[in-house]
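Let me begin by handing over the structure; questions about it come next.
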Amino acid sequence: MTESLLSVRDLGVSANGRPVLRDVSFELAPGEVHGIVGESGAGKSTIVKLMLGILPRTMEMTRGRVEYRGRDLFALAPAAFRALLGAEIALIPQDPLTALNPGRRIDAQLTDGFRLKRKLPRREADARAIALLEEVHIREPHRVMRAYPHELSGGMRQRVLIAAAFALDPKLVIADEPTTALDVTVQKQILRLIRGMQERHGTAIVFVTHDLGVVAQICDTTSVMYMGKVVEQGPTDRLLTAPAHPYTAALIAANPRYDRPEVGLTPIPARVIERMRAEIAADDSHG
Amino acid sequence: MAEAALVKPLDDPRGERVPVIRRLLRDRKVVVAGGFILFLAILAIFAPLIVPIDPLAQDLSNAEAPPYGFTGAVPDFLLGTDDLGRDVLSRVIFGARIALTVAFVAATLAAALGTTLGLAAGWYGRWIDTIISRLVDIWMAFPAVLLSILLVAILGSGLHSVIAAIVVIDWTRFCRVVRAETMAQARMDYVTAARAIGFRRGAILLKEILPNIVPVLIALLTLEMGIAVIVEAILSFVGLSVSSDTPTWGGMIAQGRQIVHESWWVMSVPLLMLCATVIAFNQLGDGLNRALDPMLRR
Amino acid sequence: MTAVGVVLNRTVTAAITLFGVAAVVFFLLRIVPGDPIAMMIGPAASPSDIAALRVHYGLDGPLSLQFLIWLKSALVGDFGISITRHQSVLSILGDHLPATIELAFCALALAILLGGAVAVLGTLAGRRHGSVVIDAVNGVFLALPDFIWALIFVLAFGVAIPLFPLTGRIDPSLDIPFRTNFLLIESLVTGRFTVAGNVLAHMVMPTVALALPLAAVIGRVLRQALNEAMVQDYILLARIKGMSEPRLILSEALRNAIGPTLALTGVQATFLIGGTVVVERIFAYPGIGNLAIEAVINRDFPLIQGLVLMFGLIFILINIGVDLAVVAVNPKLRHG
């Protein structure tokens, strides 16, 4: 069996004593795209923050282990952790508007990685950046390079961020709801782009989203989360066609059917929620 | 105007006044600073009764005597004497009179002038605002110190000219802040509600908006007092304040500056008092700003 | 608004402001009790002598006429003759201005360096103890004006630990011919480093006294601006890219913090110029500040008017400079 790229086991995180993540576990093989789906407050972004080392001061990891390529991520010295970030682990952030420094040109922000980590000279870094911009289908890469973030559209900014994420051929990319802030029409393009980049670079992706439709399009495997707990996990198509847990089924059913408007909207049934709350409460009192 | 009481705005912070005072008293720096100024005020008010020696009395046989504890000190003069044998301690206490009088009167008058114009500019807007803002801009093109020196030179020496000079320079500070605050308040819902009910514009300004500006005003006033003390000291340092007999901190510093190598205490004591007073006013103003900040949902 | 637009706008405002300033001072001075001419001559002068002198200094005729005459000459650079120094006002200004320019520049540079260092170091210290201490110290420095610092330095370094000279601009024993009055720049450029050192030694105390209050303001405002910048998402992303903390602050956050800081502290720079009036006096430093006090005490009208105009002009230039700088630093403003 191929060694897991990322192995998360029994992860627990609390904020002021209140549990935010409850025994979260999943494995990621090299090149695999794993989706983490759930409603707001399910704990998806907490996982992201934890893995990137930016957990807010009010939260702390209470138990569990995160292993990257066999090494305990949190046992690393800060310098080693920082060396890993950017070079092997990258992020595609949620909001392209605020994720780019408004005071720096795109060329500077794109070439950061090349100059910081690979110590490339300016000219070569610029050339690589242009190649990246072409890879993400930006039509006038030279103009974009000289531009400031506020001169680009939201979709273009997200493309730039995707380019930046894949710049150093990372082994793992964490995508934190990268399409949420975009127009629906642009979302599909961006998703296809991410999938394309992933296949070309052979990168593993942890894809966080609240949208089952996105998961269906791009994720090989998926974890469904609710209130910090992984409710169901497995290959995406199996999950979506034959869900084992009632919450997953309810989630699927709640998806608006634009092709069948007569069906209407089906909210998550209250009994499903109550049952899960009871399960979680029982787990908490034991653990 | 019973209706005015009915139109209590939703975001009216007036109801929270009591906790603010309590919050202030809990702030150590504010208590110390306020206490010092109070102490100084008492000294100033009762100066003629407290002072050990007549501040104007010259004793040339004991000129330039060092303070208590240093060799050559004369027991009657606790903080030493200046080059004319005048008691430094007594003069410093009397200097506090001038400093605090100027501080309170000048700052209050500057506040009154600046607030009136600021309210007018912020509330009535348009050409009134343009004129007043343009006036403020021209005013601020003068270096403040130069302007004050110029004014005192024109008006002649005396407390009234010092106060006038300070008012004339610094009213712009109040005007700007009050104008901005007025404009911000005017945009709020309770003002729209009052207009809708039919209150006259002037009434709204005085009864609704002004009370909400008072907290900011008080903090600014305290800071302004510190500035007034400085300006007075500068003016008396340059010799343009009250007549040269009346002891002022600035005047003492100027005299002390001449003999600073031989008798350092003549300049140091008033300088120390000046620093302490200015820092005290500053801390008080800062503390007021801090205490009022959460109230003003910035 | 483009850079050109800003300059044009400001120039027009500046002209109006200067005119207002000149007019106010002109008429204010004429109200002064105390006739400068009479003060100048002795009691033995005859009325015709006094009258002649009045004409010479342009002090005859109705006020508004005097003002127009003065205005006309001023526009071509003729500010009249100084009553106390018997030289053209323009040349006196020219003699004394370089000293203040050198002083002001050094003070400004020092203030920016100090204030910037305090802000950056405080941000690096983050939430730790050092940050609180830095803030508290900054608070004390905020309270005291340049006038008080100057006096403290006189006590500390002039008397207690005599390190620097207390008065003047250069050792009178150093009788070296200078071509311009920019003593510091000229001595540096011509390689006379000991002389430059001497000039610098004389400048140390007034420069630091002038710089400290501005540094404190810059420290406080820049710190707040940096704090605001550091919680932005792009900083987070840069951190994830693996940037070290100092690089984050200096390379990413600082450029976005400078704009708001400039807007708020630009005005303070004019206070620095105003501060030269008293600080130069305390250190007997021969610049326009010292000149100004002397002129007022001696009721030297032409000199006072020239000086007020000069100060006004400097203030306006600084304001324009700050406005331009704010536009230059913010890429969003540059494209309109």
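Brief remarks follow.
Order of writing sets the labels: A, B and C. Residues in every chain begin at 1.
Operating definition for what follows: a residue touches a chain if its C-beta (ideal position, glycine included) is under 8 Å from a C-beta of that chain, and two chains touch if they have at least 3 such contacts.
None of the values given here were measured: they were computed from a predicted structure.
When each chain is reduced to the mean of its CA atoms, the one lying nearest the mean of all protein CA atoms is C.
Farthest chain from chain A (centres taken as the mean of C-alpha atoms): B.
Distance between chain centres (mean CA atoms), chain B to chain C: 24 Å.
Look at where the CA atoms of chain A average out and do the same for chain C: the two points lie 54 Å apart.
Within the complex formed with chain A, the chain C residues making contact are 232-234, 236-244, 252, 255-256, 330-332, 335. Contact residues on chain C toward chain B in their complex (touch as defined above): 13, 16-18, 20-21, 24-25, 28-29, 31-33, 139-140, 142-145, 147-148, 151-152, 154-155, 158-160, 267, 270-271, 273-275, 277-278, 281-282, 292-293, 296-297, 299, 304, 307-308, 311-312, 315-316. Within the complex formed with chain C, the chain A residues making contact are 52-54, 82-87, 90-91, 93, 95, 98-104, 112-113, 116-117, 148, 150-151, 164.
Against chain C, in their complex, chain B makes its touches with residues 134, 137-138, 140-146, 149-151, 153-154, 156, 226, 230, 233-234, 237-240, 253, 257, 260-261, 264, 267-268, 271, 274-275, 278-279, 282-283, 286.
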